[in-house]
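Naming follows writing order (A, B, C, D and E), and every chain is counted from residue 1.
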Amino acid sequence: MSKRVDVIDLNVYYGDFLAVEGINMSIDAQAVTAFIGPSGCGKTTFLRSLNRMHEVLPGARVKGQLLLDGEDIYDPGVDPVTVRTQVGMVFQRPNPFPTMTIRENVLAGYKLNGARLSKSESEEIVETSLRSANLWNEVKDRLDRPGSGLSGGQQQRLCIARTIAVKPDVILMDEPCSALDPISTLAIEDLIGELQQDYTVIIVTHNMQQAARVSQKTAFFNIAGTGKPGKLIEYSDTTAIFNTPQEKSTEDYVSGRFG
Amino acid sequence: MSKRVDVIDLNVYYGDFLAVEGINMSIDAQAVTAFIGPSGCGKTTFLRSLNRMHEVLPGARVKGQLLLDGEDIYDPGVDPVTVRTQVGMVFQRPNPFPTMTIRENVLAGYKLNGARLSKSESEEIVETSLRSANLWNEVKDRLDRPGSGLSGGQQQRLCIARTIAVKPDVILMDEPCSALDPISTLAIEDLIGELQQDYTVIIVTHNMQQAARVSQKTAFFNIAGTGKPGKLIEYSDTTAIFNTPQEKSTEDYVSGRFG
Amino acid sequence: MTSSLTQSDKRGVAGDRVFSALTLSAGVLILLTLAFVALFLTVNSRDAVYQEDQGGWILTAFLDYAYPLVIGTLIASFIALILAAPIAVGVALYISHYAPPRFSKSIGYVIDLLAAIPSVVYGAWGMSFLGPALIPVYGWLHENLGFIPLFAGDPSQTGRTIFTAGVVLGVMILPIITSVCREIFIQTPKLHEEAALALGATRWEMIKMSVFPFARAGIISGIMLGLGRALGETMAVALVLSPGMLTASLISSGNSTIPAEIALGFPEAPPGSERQAQLIAIGLVLFLITLLVNMTARWIVSRHKEFSGAN
Amino acid sequence: GESNNPDAGGSDAEGGENGASSEVAGTLVGGGASSQEAAMTAWTDGFTSVAPDAQVNYASVGSGGGRDGFLGGEYDFAGSDAAMSDEEWESSQEVCGPEGAFHIPSYISPVAVAFNVEGIEDTLNLDADTIAAIFAGDVTSWDDEAIAEHNPDIELPATPISVVHRADDSGTTENFVDYLANASENWDYEVSGEWPSEIAAESAQQTSGVVGLTSETDGAITYADASQIGDLTTVAVQVGEEYVEYSPEAASQAVASSTPVEGQASNNMAYELDRNTEESGAYPVVLVSYHIFCNEYPDQETADLATAFGEYVISEDGQATAEGAAGNAPISDELRDGAMESLSAITVSE
Amino acid sequence: MTQTPTPTPASVQGPSGAPGLSEPTSNGVPRRSSLTQNTLPSWLWIVMLGGSVILGAALSALLGFNLATFFIFTAVIYVISSYIVTRTRVNRRRATDGLWTNLVYLAFLIALMPLVSVIWSVASVGIPGLMTPGFMVSDMQGITGLVDQASQTEGAPVLGGIAHALIGSLLITLAATAISVPIGLLASIYLVEYAKGGPLSRAITFFVDVMTGIPSIVAGLFAGAAMAWFLSVFSGVTGLLTTQRSTLGITAAIALSVLMVPVVVRTTEEMLRVVPNELREASYALGVRKWRTILKVVLPTAISGIASGVTLAIARVIGETAPILVTAGFVVNTNWNLFQGWMTALPVYIFRQFQNPTSPNFSDPSEQRAWAAALVLILIVMGLNLFARLIAKLFAPKQAGR
């Protein structure tokens, strides 16, 4: 299933440094939302605050409200682990577990939580997830080899497989395709299209074409200068952002005339 | 200055696994050559064999000849260190030295040569290199902070600055823009265009537009299947590769109809 | 999975709580143990510094007794460290970056064997082999470098000098430092090593740029571990050394270390006597020395914390 | 493989006639002087042959450690090269009842002044003053006038003297230094188990260590329990007008001429040794090794065990076993009778 | 081949005079020289080594030949001469690199020397003892001076063995490991994963270091006193305990734990710290709880380092003598019970056999047993090391990724 996300007055800090300021937005369920913006504007930072991954960094903290289907994930009574089981994440850098085989990596979400799966169940999960991530054919003969022996792109797809294997409600992807070749990228884009039917997908990307291809809505972030906080400049339908942007800086950015 | 690279019957191995087979190609000096191909086809592997970085992995070895302006870099008498001072490299993942400040990172290559730089000289090198890498404005106020405190994109640009600071003859870039936003990407592409006038630039990229934009020649690599070695399929002028490819698989790949 | 955010699984949360409480209590247990050791030492060493029938405090008498031992302990550990630390770092580097990768594991194993040898055996070895082997060296040093106070004095005829003890200690702490350093060196991120190599660094320059900065804290803690061992080593020193009063000479018999003094004196010290208290008191002194040494090390490491490699 | 342990007490299988009752059972634990270890091994082994159900454990933790453990209730008896001080005895009343603890001599051993000098194969004659001068580092060569004076017939080499002393705190050192301090004018260092730290000399741990080091070093001289000096040549000590070589009889005679320590338990057999004895044939460089027992034990079993073991040790049989195994000198019949009587005072506390 | 660099566009224009290109040409050797210029033929090293050996032998012979001086001279001559040759024929950087390479190799050779020496002296004396029938399965019951005297003077086989000491050592060490590894591991987990740099964690880190300096004998005395106190209090309260005496195997285990814990914490802490954060984050992002992440991701990734740290700690304590002697005593027969009666440990056995031979005047059999026992002790720790390596191999990160 899928959940909507409402962000209210969110500020994200690294210690005393305000990295992202005053975000207000509503992210639709069963849709793909893309975050774009220049490097360093806080896309990753904001994305990580959506599943409370931000706070694992020492000194990092968040102010404001972040509602998942109306429930504030930053409510004091909320367990971040519960949040993370509902909001999955794929990182910018592929990070398969080096001690695990490819199979174990895919099943990590279950195995690490101590879930007991029958052999057939786990076989099925592994195959479905790897197929969805367009990796099955390449690794089906070496499921018991270490995951770290794959190429960068293969590793990233393995991480995607690992995330979708646990079927979260919301999936966050931080430049998931930046290490992938066009074929894998296309496959992942297709996959995102499929996922969107059941999940809320949020993707950070530098590739405007990709944003245009996969997302229904696009959020443009920008930063006034170094040391300044990143801000949400414009958030709207993807077609609107790319064709009729309201803000000057958005227009500059999407047309490549920026900077 | 700039040197041409001739590759003759090159095979690259990981232990017993033949990762790249039978490459023959001549890479022009003072030009940009792009390597494209699906993930896992051995682009990184081949690129790393061009400056003898491949052999730092245990068990990794190379067979064949690789001539740098006519001299075989794999000749037994050749010192890999000499090769690497002449063939610089930017990696897929940004890897600034975490214990060094931003300034020190840029000067790292210089320091190796035991060069004693006056304060103003080093200031100048730092500024020029960072400007070329489009990073100067973002970091000029924190040159003495650790390089690891930057965002991914900032880090990658720092690495580019570090490499060009020592002015090698050949510059290898392994997906240097995969972690960069479009603006930085554009700046790097411009930089590549400038570098090309004096250096031999070889770039691995997944971004076909990028290959088309920056390179004069393009090499397409492909792989027959998992466990099979990667091969050079077609190597030609970039315009030819994208407009009139000779091979079916090249055409499929560049038109996105692959797989 | 579809449950509301707040009704999270109680057992999971409890698991986290229990585990973190466990780790915390392990840490606290260590502190408590140490506090008890300190208490034990302090209480039992009271008689060494306070004697009713000698007019109360006898601190100077105790200090007169203790300072040669302190200096002796420091000399022996210092010799051990000077000898062992560079070699250990060298060996660790050899294993991690120089030896053929196929053999490096086995070589590491071979060096670990040095740690496998019990201190009694080191003592016996130092006493019956190393000491006699060093006699001519001491003679030579005395003849040729006798003008340096370190080599003045009659050269020992048995080889049982503080220098021999230092060498034995050095051999003993070598594998400790090596093994800590090796593990850290191996962990140096390939990314950073390759960054250096790609800039045209030679192997040594790569090590200076990538490995040492990354391993810095690890090296220091390895050395501290070794130093701790050297400071506290009892049996080997007691067997090797021919203890005596403090001398500046490294090549004649004399000098003693705190642990050796305790080991040699404690068995015959009359129960509840001032002598027993004295021995425990120098144990306390050693404890304080370790405290100081570690404070220094911490200080060195912390000065460079900002650029620590593990992030 | 099969274990190669001999049958327990195989060497003295017929023992048991000397009053040791075979009904005692249980484990008796003791600790103390390491110099007693060899003998103790023989005794504990021999004791099992007369009391098959009994076992004796002995930890060679040093005399001080032994007394410490004994006073702390850790050990049932202690082996010690030095007698308890009066304070220690007083504190023994806590664990041993109002009569406290008492000593019995377990063996008497002469402390030999032994040396290894190439060219001197025979016993050397020396007086206390010369010995003190040598050990204090004042006489540094074997052909020194002071030595030659006592040995007109021996051709002395010019080898330098290396003094070897005990590195560890030791009963042997204490007795030897006590002898020097009492018998010689030349020795004015404090008497204790520690070698005076002002004297620079070589040292080694334990008797075996000093004997070993002396045997390896030409010109070395040391002092050690005479039963353990191996092949080293020894010094005959001047007593009165004659030179006395060490021997069990000479040592026993020195003890016999000494006065018992007063003020402790009534059955106590500790001695204040007379180092200045002029008695003919007495060897005053002597060490008495004691066993310290309680006068009262908390239970019958321990009391019986302690009595039985104490009696076994001083029995002719026990002394012979130790002599065979460890080379200890047996005690005299006179001392044995006294010790038997002392042991019979052991009772059980109410 | 020295070339003035073609001026580059503004973006990469070097500072005036392009120092980056002119500076490195030290010693007149241009950096952009032909590729082979920076290397020397490999036969040169063999020739130089040969020369150093001959010179070293000659110099050493001048002082009266012996192996040590020969080695030192050869090494010094080789290191210096190869530095000079590289420095003059190639360049300073190469020379420095070569110098350090030589020094690193030399360090290794030097480290091997005591190892070979110790192992040789132990093995050559110890093997005959080890070969004696029944050595591993006998204790010392019934072995008196007479038995040894018979062995030495009449050539009877050396009787007695180490079964009791072996069992004692293994039990005590096992118990010490069982106490200190969990404590040490948990404490280091606290330090790395939970502590936020507060005063408590800083105190723990600091005092753990201090703890490494506790002399082993002090640890023994402390454990003895602590156990005595515990027993008196506990039996006072419950009256359950049959023994009031603190000389027990478990007391020795506690003493050893005091020595082990800091080593475990220190090494484990280092190993945990270098586990990349991205792995932790990957796990958290899958909704895995922190404690499971630690147990299943962090620890396995660090297991090889942890295993070698634990081995190090075991090796550190299994050879301890003084603390075991004062806490567990010394007996001649086998005791399987850590909580009742005395125990002998191997190092104590070795020490006693050396220092107080069973027969003082016929000490050869005792020495033979001591060296053989020392050999066994070394073999045990070697075995442990192998075991740790096996663990490391089984669980360690399968392959270092790029």
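To be clear about the criterion, contacts are C-beta pairs under 8 Å (C-beta built on N, C-alpha and C of every residue); 3 or more make two chains touch, one makes a residue touch a chain.
Per UniProt, the chains are A, B = Phosphate ABC transporter ATP-binding protein (PhoT family); C = Phosphate transport system permease protein; E = Phosphate transport system permease protein PstA.
All values reported here derive from a predicted model rather than from experimental measurement.
Here the chain-to-chain distance from chain C to chain D, counted in touching steps, is 1.
The chains that touch both chain B and chain E are A, C. By number of C-beta pairs in contact, chains C-E lead all other pairings.
Chain closest to the overall centre, judged by the mean of its C-alpha atoms against the mean of all protein C-alpha atoms: E. Spacing of chain A relative to chain B, judged by their CA centroids, is 28 angstrom. Between chain B and chain C, the centres computed from C-alpha atoms are 47 Å apart. With each centre defined as the average position of its C-alpha atoms, the distance from chain D to chain E rounds to 41 Å. In chain D, the residues that touch at least two other chains are 34, 61, 65, 72, 205. Across the assembly, chain C contributes 12, 16, 191, 202, 205, 263, 266, 311 as residues in contact with two or more other chains. For chain A, residues touching at least two other chains, in rising order: 81-82, 85-86, 93, 152, 168. The touching residues of chain E, counted against chain D in their complex, run 132-147, 149, 157, 159-161, 163, 228, 244-247, 325-326, 329-333, 341-342, 352, 354-361, 363. Touching chain B in their complex are the following residues of chain E: 3, 5-6, 8-9, 11-16, 18-21, 23-24, 26, 31-39, 41, 92-94, 97, 402. Touching chain A in their complex are the following residues of chain E: 196-197, 276, 278-290, 292-293, 296-297, 300-301, 303, 395-402.
Across the interface of their complex, chain B is touched by residues 101, 189, 191-202, 205, 209-210, 213-214, 216, 304, 306-309, 311 of chain C.
Partner chain D is touched in their complex by these residues of chain C: 127, 132, 156-158, 160, 238-239, 241-245, 247, 252-254, 263-272, 275-276.
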